[in-house]
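By letter and in written order, the chains are A, B, C and D; residue numbering begins at 1 in each of them.
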Amino acid sequence: MSEMIGFLGLGNMGQAMANSLLQAGYVLTVYNRTASKAQQLLAQGAHLAHQPAAAVTTGGVVVSMVANDQALEEIVRSPGFLEQLGSGGIHLSMSTVSPTTARRLAELHAEHGSTYVAAPVFGRPEAAASQDLWICVAGPREARERVQPVLKALGRGTFEFGEDPGAANIVKLCGNFLILSAMEAMAEALTLAEKSGLDRSAVIEMLTQTSFSAPVYQTYGKMIAQKRHTPAGFRQHLGLKDVNLVREVADQESLPMPLASLLHDRLLAGIAKGRGEMDWSALALDVLEDAGLKLPPGL
Amino acid sequence: MSEMIGFLGLGNMGQAMANSLLQAGYVLTVYNRTASKAQQLLAQGAHLAHQPAAAVTTGGVVVSMVANDQALEEIVRSPGFLEQLGSGGIHLSMSTVSPTTARRLAELHAEHGSTYVAAPVFGRPEAAASQDLWICVAGPREARERVQPVLKALGRGTFEFGEDPGAANIVKLCGNFLILSAMEAMAEALTLAEKSGLDRSAVIEMLTQTSFSAPVYQTYGKMIAQKRHTPAGFRQHLGLKDVNLVREVADQESLPMPLASLLHDRLLAGIAKGRGEMDWSALALDVLEDAGLKLPPGL
Amino acid sequence: MSEMIGFLGLGNMGQAMANSLLQAGYVLTVYNRTASKAQQLLAQGAHLAHQPAAAVTTGGVVVSMVANDQALEEIVRSPGFLEQLGSGGIHLSMSTVSPTTARRLAELHAEHGSTYVAAPVFGRPEAAASQDLWICVAGPREARERVQPVLKALGRGTFEFGEDPGAANIVKLCGNFLILSAMEAMAEALTLAEKSGLDRSAVIEMLTQTSFSAPVYQTYGKMIAQKRHTPAGFRQHLGLKDVNLVREVADQESLPMPLASLLHDRLLAGIAKGRGEMDWSALALDVLEDAGLKLPPGL
Amino acid sequence: MSEMIGFLGLGNMGQAMANSLLQAGYVLTVYNRTASKAQQLLAQGAHLAHQPAAAVTTGGVVVSMVANDQALEEIVRSPGFLEQLGSGGIHLSMSTVSPTTARRLAELHAEHGSTYVAAPVFGRPEAAASQDLWICVAGPREARERVQPVLKALGRGTFEFGEDPGAANIVKLCGNFLILSAMEAMAEALTLAEKSGLDRSAVIEMLTQTSFSAPVYQTYGKMIAQKRHTPAGFRQHLGLKDVNLVREVADQESLPMPLASLLHDRLLAGIAKGRGEMDWSALALDVLEDAGLKLPPGL
């Protein structure tokens, strides 16, 4: 297998994913705004592009993994990108962005003869590194089939959500909303346990070995029990961005989501207090403060 | 094994648990306010007591599984109960009650020479029927050891939380709070998906096969996706009772729990609308109504 | 006018009210758990009772103004109180207590031939000192008429709410709930203004000279704008007590009150952080902290 | 006085305000997207413009009163508008828009030599008709002074908030947030009173004659007590728009506003249920529904 693929966006997630593609035998041209982040990949044989269009092969596949809607828009609208992708090209867009952005960009690609496939992922950088991502895919069927080998090289399973590219993003937003909800619930419960004289870790271990034996509870439960929220796998700033995407869709669809409101207010407080760069599980620190407890030293 | 055990409280859970004890070879004397609920157990060899004290063997073990704090208090304070249990007797109290009640009753037993062991369980009636309960145990060590065989006959695992009988109840309350939180999160997320044109079941299947592959999400996710909340495994009325126990502890410990407040308001709305006898997952119907969606026919 | 009246409870409010009665010419016998608080009144001619019953004249009027339901219960159940009040006596109960307590105590008085009149008041200690209280009255008509002169000596207006003694307490709770809601709203609004670069005082002055030209907004608006919450006219602890009374009624009546939940969580956070003895308007400090702002020096 | 003024936007508020200017002797040229709304004003001597620029006198004053940020942007960016206003012209912008929009448009006007003065108003259409509006003004001092006579013709008082045009909008948003908060509080309190057997009107009358003797409580308290929310003075849709502007500023400034979140969710539910065209006080109907009460007939 020596297909050429472009890869745009080399944050924590993007680097690990690009690496998986290299390991799977793809020939990779990578681009990142800060080029220095490409070094390790270049050492493994990747080529460097100095602008997005330069990573694109006409009629080929280009993957993007960036931080937010704006970064994705900038790439798509960068000089020559859509023209270079051209007829038959596929943009496999794996970032978590709003369904509205996904739909609008899908139209824009269609106008240029190419196809936008939405494929947001579930998993932290560790999962990306071990090809353990779960991937939601939506877009035109033919394109979805064509990118299957790429997705297989990146994750351990894909779920198909039809033709509407916005659908995959909504599933992804639902997932992140569920994760945040679980973290808030664990933070409140473990603080209740602590103030009642119980050991936070003993409580969460019992719960995550029984009714809550799911990765999300096990991973974040441990962090929240131990009050360890650095280094950040996913920053509070990004958590707030995702809650705001959820609220945007909820507003469009006229759906009150009081739990989303609560999460928004919680994350915003953490950011106001200067903890935006910590892991999003750091929302639990706010629960401690509201309970009049001291934060762990160094925070 | 032909030890005699008393069993008090034959609701959905109690009947299944008493049955497990019969199957394990215990000689059982059962009591329930409404005696008719004992019929199936009597047919299998259980004896019937017409008042709590009559089910108690001095120095033996008596198990209770009742609906709330008040029912438990009534049993313990019923004529002759504590006197009959006497020196060396153990009351294995498996109901979900407040830690305050547990601690007060533990003292009361101690004054009569007997021991109160708190052992609230995780699991719905189906799990009780198949001895698949998870059990949290707290109380004096010796007594905890003595009831191990009984607990083994009832569930598939026990978790020990020390000497303070209130501790086991706090863990149980934390668990129920986490379950309710997960249901609210799923209800909001799936209504968002539905209003966005996605299939509720497809979304929850993806999520519960991946990051949320835990029994709680799988069981309740299905019910919420399908909008089926009868028959009730655990009624909204009881859900509200448990949230109020959580809030009671939170108030004692000076801990704001905004998510507990949200759940309280949600359950109270369902009860105000006449859905108190439905399964507690029916809180999801309120999310539908707030979104202007029609409820399924028959509700 | 030289009628004899008993007066029980000499906190900030009680002292000022008892003083008003002395000024109006009543002969007063006062009681307080901590007798030293009676000194100023004794200097003005009041008599001292060493237990509640000793302040009561059979067939007469006794006024009570205490901190909470429990303190009121203790007075009514103190040795000889109901017997001494006897046939034809009136207990004018002016504390903010739950409607349930009011109804239960009304029955208890009726069993002893006396009458319980609920008459909770609106106003801070300054208003009590200048006879500017507003009073809500409920109870048997005849008794309500008989206490009119007493109420006139205490406040500037009374509002009648019928025979059910609980009704006056519900109105009082509604009022305190509205006050707390207004304070939360002002706290959030003024913090928004401050973070946007505006002057808190200028904003609240504009609003309280126009659409919000009511005493509650003017009094508390100033305190919140200036971040001055001591000395306490009414402590956060008492504010939480009142919100909990509101929530108790709401639970009995199956009414979700999300704003009451929010206020509960807000006050509880302030108490958890050690600010329970500050004025209840100090809930605004929590809004500042959640916004990452520094508290004024000394807090 | 025969100064010529342009007036843009003839909704309920705009018509009443334009009428006030005619009465004050101004020569008026009016514009509205739907020209038919101008008829009454034309009958009183106003001139009709068929596009915004045609209502503008170079170096003169043009007033705008439109529904939202987008409508205001469209006017300012309509062909010839800024060029026609030209050097020395003043745009007196009285709509409730975001501070961000106000600041951006102020810069745009400055680039064209004209001045943007923000002057949002407090008051419903009745107040506009009787020149009883309260007006918040912000912008360059000289321009603020020049429009004083115009403001005098429209309202009964102005409050100055300095040079930053966004400041006046923030005060206006704070005011609307306080109004919504008061309505939510009254709705919850009166539903509590109703479910407890009290008369809604009697309770609100007591409160608005005493601690809450402010126009906002008197006007909306009556509507909420009587459950009458049509005709709309200000629609729920616009209420939601304003809450969203509040939340937008709160997000920019990193300030969690849980009460704003609650109001957002409340209004969104009313809109989801088809009540977006009713008066914003109709948020009280949602409180009734959540309490399991029947809505008044016809709703």
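Going forward, a residue touches a chain if its C-beta (ideal position, glycine included) is under 8 Å from a C-beta of that chain, and two chains touch if they have at least 3 such contacts.
None of these values were measured; they are calculated from a predicted model.
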Query raised in the report: What is the minimum number of touch steps required to go from chain A to chain C?
Result: 1
Report summary line: Note: chains that touch chain A and chain B both are C, D
Requested in this report: Please name the chain that ends up farthest from chain C once chain centres are defined by their CA atoms averaged.
Outcome: A
Report summary line: Two candidates, C-D and A-D; the one with more touching C-beta pairs is C-D
Query - Whole-Å separation of chain centres (CA-atom averages), chain B against chain D - result: 53
Query raised in the report: How many Å are there between the centre of chain A and the centre of chain D, using C-alpha atoms for each centre?
Result: 40
Report task. Would you kindly tell me how far, in whole Å, the mean C-alpha position of chain D lies from that of chain C? Result -> 37
Report summary line: The positions of chain D in contact with two or more other chains are 250, 254-258, 262, 265, 269, 272, 290-292
Query raised in the report: How about chain C: which of its residues touch chain A in the complex?
Result: 258, 265, 269, 272-274, 289-292
Requested in this report: Please name which positions on chain A make contact with chain D in the complex.
Outcome: 244, 250-251, 254-258, 261-262, 264-266, 268-269, 271-272
Query raised in the report: For the complex, which residues does chain C have touching chain D?
Result: 99, 122, 134, 136, 157, 159, 161, 164, 166-167, 170-171, 173-175, 177-179, 181-182, 184-186, 188-193, 195-198, 202-203, 206-207, 209-217, 246, 249-250, 253-260, 262, 290-292
